[in-house]
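Have a look at this one before I ask anything.
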Amino acid sequence: MAISKRYLASLLVGTLAATPVWAADPIKIGVSQPLTGAVAASGNYVTNGARIAAAEINEKGGLLGREVELIIEDNKSNPREAVNAAEKLILSDKVPVIMGAWSSTYTLATMPKLEEYGVPMVVETSSSSKITKAGNPWIFRIAPTSAMEAQAFAKKLDNFDPPIKKVDFLSVNNDWGLGASQEFEKMFKANGIEIGRKETVSPDTVDLSAQLSALKGTGSDTLIMTSGVEQLTLGIRQAADQRLSQRIVTTGGSFPEPLLESPGPKGYTSSHLLFFSPWTPESSVYPDIAGAFVDAWAEAGYSFPGLSEGFRGYDGIMTIAAAIENAGSTEPDAIREALWDVQVKGVNGDISFFKDGPEGKESGQNEPNVYVVQLKDGEVSAQ
Amino acid sequence: MDQILQHVINAMVLGSTYALLGIGLTIIFGIMRVVNFAHGELYTLGAYTAYGMVTLINLDFFSSILVAALIGMLIGALIEYVFLRRKDLKNIDEVMLIMIGIMIIMQNLELMIWGGVAKIIPTPFSQDPISMGAIAISPTRVFVFCISAVLLVIFYLGIERTRFGLAIRATFQDQDAARIVGVNVKRIYTVTFALGSAMAAVAGALLAPMFVATPLMGDLASLKAFAIVILGGLGSLGGAALGGFLLAFIEEFGASYISSAYRDAFGFLVIIVVMLFRPQGLFAAKERVG
Amino acid sequence: MNWKLFAIFVAILGLFPFLWSDPYVLSVMGSAGIMIIAAISLNLLLGYTGQLSLGHAAFFGIGAYTSALMSLGFDIDIGFGMSWQVDAKPVWMAFATAILVTAFFGWLVGKLAFKVRGAYFVVITISFAQVMRMISLNWTDLTEGPMGMISIPPLNLWVPGEGLINLTSKAAIYWLVLAVGVIAYLLVAMLVNSRQGRAMIALRENETLATSVGIPVTYFLSMAAIISAAIAGAAGGLYAHTVRIIDPDVFLFIYTVTMVIMVVAGGKGTLGGPIIGGLIFGLMPELLRGVVQPEVQWVIYGITMIIILLFLPRGLVPAIYDFIAWLRSPVAISQRKTGHSLAKEAN
């Protein structure tokens, strides 16, 4: 869109002006993200984060003395297109490594191709456990699984007052939403919290009043919502409309930005599990890295709330860059070997991979940090 | 019991906008026999116009709805004049395919201009819901219902009491006869398409603040509009209005008591069931109007 | 139909992978080929029998899902504590089953076309596709819902000397699609040029008249619907076993629209129409990839379709034939020979 084109133009000028002419061919890194379609907002944020990372690397002299070039393909929020995008990147652009593909469904679709052609992929967002349990040694995930998210949240239960005693669930009815409600249910039960009612909603539904009516008067004090930005916003507003008594906690890392400009009723609060909170960068593990990222983002003119997902692109590219640097090569196999040994300081925190999945064919999985923030009257604060 | 009452209130609000959407398509489909796939796109256009007016030039919400209606009318007239005039409307398939082409163009233009991210339309109403016992309703929804009801009444009076309305009803009943008595059928076509499109646009401008505006919202709206037309029966404007409320009730109660996941499917199921067992619709015979 | 031209065309297509072996190019041709097969099937129903069926993605999707389910096996709970379990079947058997199941749905739609006419039929067929989408989206027990069905096995072929090989290479997929495409084309061509075919065209042109001369309209319509659905089901099955992942989005209206654009722009009711239309609209997205945004592409397709509908309503193929005929016509030839138009002379 217009802003990013402007940014790219200034990036080009800046690169030409500030850095020396590159000696050899650029190093290509493939990016597969939903730039159009149902989840386009998130896909664009992640891609912008990736662009910032690439610009930063190039400003510091590039990778192995060569320029980093992102080849960005739109997977159109669709698994078939995700396969097409991966094939174009691998067969036509000949990238040695990819970052993608946002949704678990698109990532799962892409995985057989990675194995077929022998190209590693860093997974920056998808949370389904299937991804690392499938026995695909070309997958390295920096995003948390829903199980990890639930465990991290368990440590924050005490931050809630009045304490959480009984929870309801409202989840989008795909891999992600259903997996999340399962994992959170397990965690709550293990912590002696009662489970109330569970409702599901289709990804493109805009009217959640039926589900919310059903959730009224269940006696629970908390409602756990898992979905994307749009549905979280609609759900919170409609819940406020119907005067639902439960406090709302959203999971999955998405933040209902529209509520910043058009807040709910006065005094209404909701809590959100994020993997990066741009409102409280000081709570990050590496505040200077987080701060620098926030500044670069603002300079590029991207919208502030997008930071809560944009960082994934940044951390993903930085991870890939570290692997290439350590491998000293741009061969896919060498990059894959090197990914096992990376230790990166990212916006979310430390990034490194442990083995996950069936013996002999493990994928790499990271253990990220989780942050909880509170939204009230259009203002965000740490919970 | 309270739950049921809450559902009834929700359904009434939704139904009033569905009625506008449905009547808009009924007059287009009824008079011109055009399978108007672009109807949903006019709905989307209305929503985005309201959004644009409010956020870009800070126009107040009420005037934005008016502007949405005017734009809907203009675009509707434009479509009819540029694309449909040339075609003998008897070629249903070709006309239908043209409307699909227009739908594609409008949808993607909207995607290009506004982007794929859903937009919220700010309203001047407070977000605090009004409570009446255990039932709650937001001020926005009350407003939407009132405006829809007023528009429905105005439309009814316009159709029943004015000469122009008479001309429309006459063309609805029998085109050739209308032509014989001196009705300018060509002009009626343009007016019909413009009016129907304006109603779709207003429905969009009214519904969007309750939910969100996305470029793809028109797909579902078109199909629901058809469900309403079919429910109400082709020749009946009053039937279409009732059909709008009926669809809203089916959706609301079906989603709450049968399955919330299939909420949007009820419209389609309704179409299939009605077509199989009572193709003339639920209300009135073919010839009655209004 | 011109057999010689057809044979040459097929030969060129068959040799294509030897001339241009880039796997990416071959995969694009393969995808376009699958859409062309679907367009051929839609042409039979929309072009030849004149039925406004706009739910064709439903047949494609049913074929894809049936073939995937049969080849993967499934186990669902059908209530009352009972479950229906089917083991994974050999791939070709799954493929055949898919064609049969889709043909059955085609028969249903054919029956419906008589109860419900014109615009209402259109709306019902669209609704049918939407309901199928909702079912595949929500019956997660059977279809995995939005998560899609993955790891679908590929089709295989017994090759002398090599045994059973999986058709996974781009070239193999290309030839597979070409083979099915040729079969589909020939099937439609023979049907259309036969007595049955002429009956169908009579049905399209004037149903009442056709009935009045004793043509069993119902029978022919059913046949067209069944065959059309079967071919679309085959396309869906091919898709399932070559892309090897499917999700409920296969039922989206946009895919039906794509097929419709191919048929209408190419020329409905002509044999070559869906092929030309399919090549253009199947390859354009790849050619324009990275050049213009997808939204802009779709605006271009929409404008193209409207222009063709307004000015060349019978499609590109008939327009080309007309043009060639005009070039050959005596008037045009003599105009060129004498160097000025006869009309001028007449004045």
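Per-chain residue numbering starts at 1, and chain names A, B and C are given in the order in which the chains are listed.
The definition used in the following text is that a residue touches a chain if its C-beta (ideal position, glycine included) is under 8 Å from a C-beta of that chain, and two chains touch if they have at least 3 such contacts.
A quick map from chain label to UniProt name: C = Branched-chain amino acid ABC transporter permease.
All figures in this text were calculated on a predicted structure; none of them were measured in a lab.
Most remote chain with respect to subunit B, judged by CA-atom centres, is A. Chain pairs B-C and A-C differ in how many C-beta pairs they share in contact, with the greater number at B-C. Centre to centre, using the average C-alpha position, subunit A and subunit C are separated by 38 Å. Separating the centre of subunit B from that of subunit C, both taken as means of CA atoms, is a distance of 33 Å.
Across the assembly, subunit A contributes 36, 173, 202 as residues in contact with two or more other chains. Residues of subunit C in contact with two or more other chains: 137-138, 293, 295.
Across the assembly, subunit B contributes 111, 261, 264 as residues in contact with two or more other chains.
Partner subunit A is touched in their complex by these residues of subunit B: 3, 6-7, 10, 14, 111, 115-120, 122, 126-129, 131, 136-138, 141, 211-212, 214, 216-217, 252, 255-256, 260-261, 263-264. The residues of subunit C lying in touch with subunit B in their complex are 46, 50, 52, 112, 115-116, 118-120, 122-124, 126-128, 130-131, 134, 137-138, 253, 257, 260, 264, 293, 295-296, 298-299, 301-303, 305-306, 309-310, 313. On the subunit B side of its complex with subunit C, the touching residues are 29, 33, 35, 83, 86-87, 91-94, 96-98, 100-105, 107-109, 111-112, 219, 223, 226-227, 230, 259, 261-262, 264-265, 268-269, 271-272, 275-276, 279. Put simply, subunit A touches subunit C in their complex at residues 36, 74, 76, 78-80, 83-84, 87-88, 91-92, 104-105, 108-109, 112, 116, 128, 173-175, 202-203.
Residue ranges of subunit C in contact with subunit A, taken from their complex: 22-24, 27, 31, 137-138, 140, 145-148, 150-151, 168, 243-247, 249, 289, 293-295.
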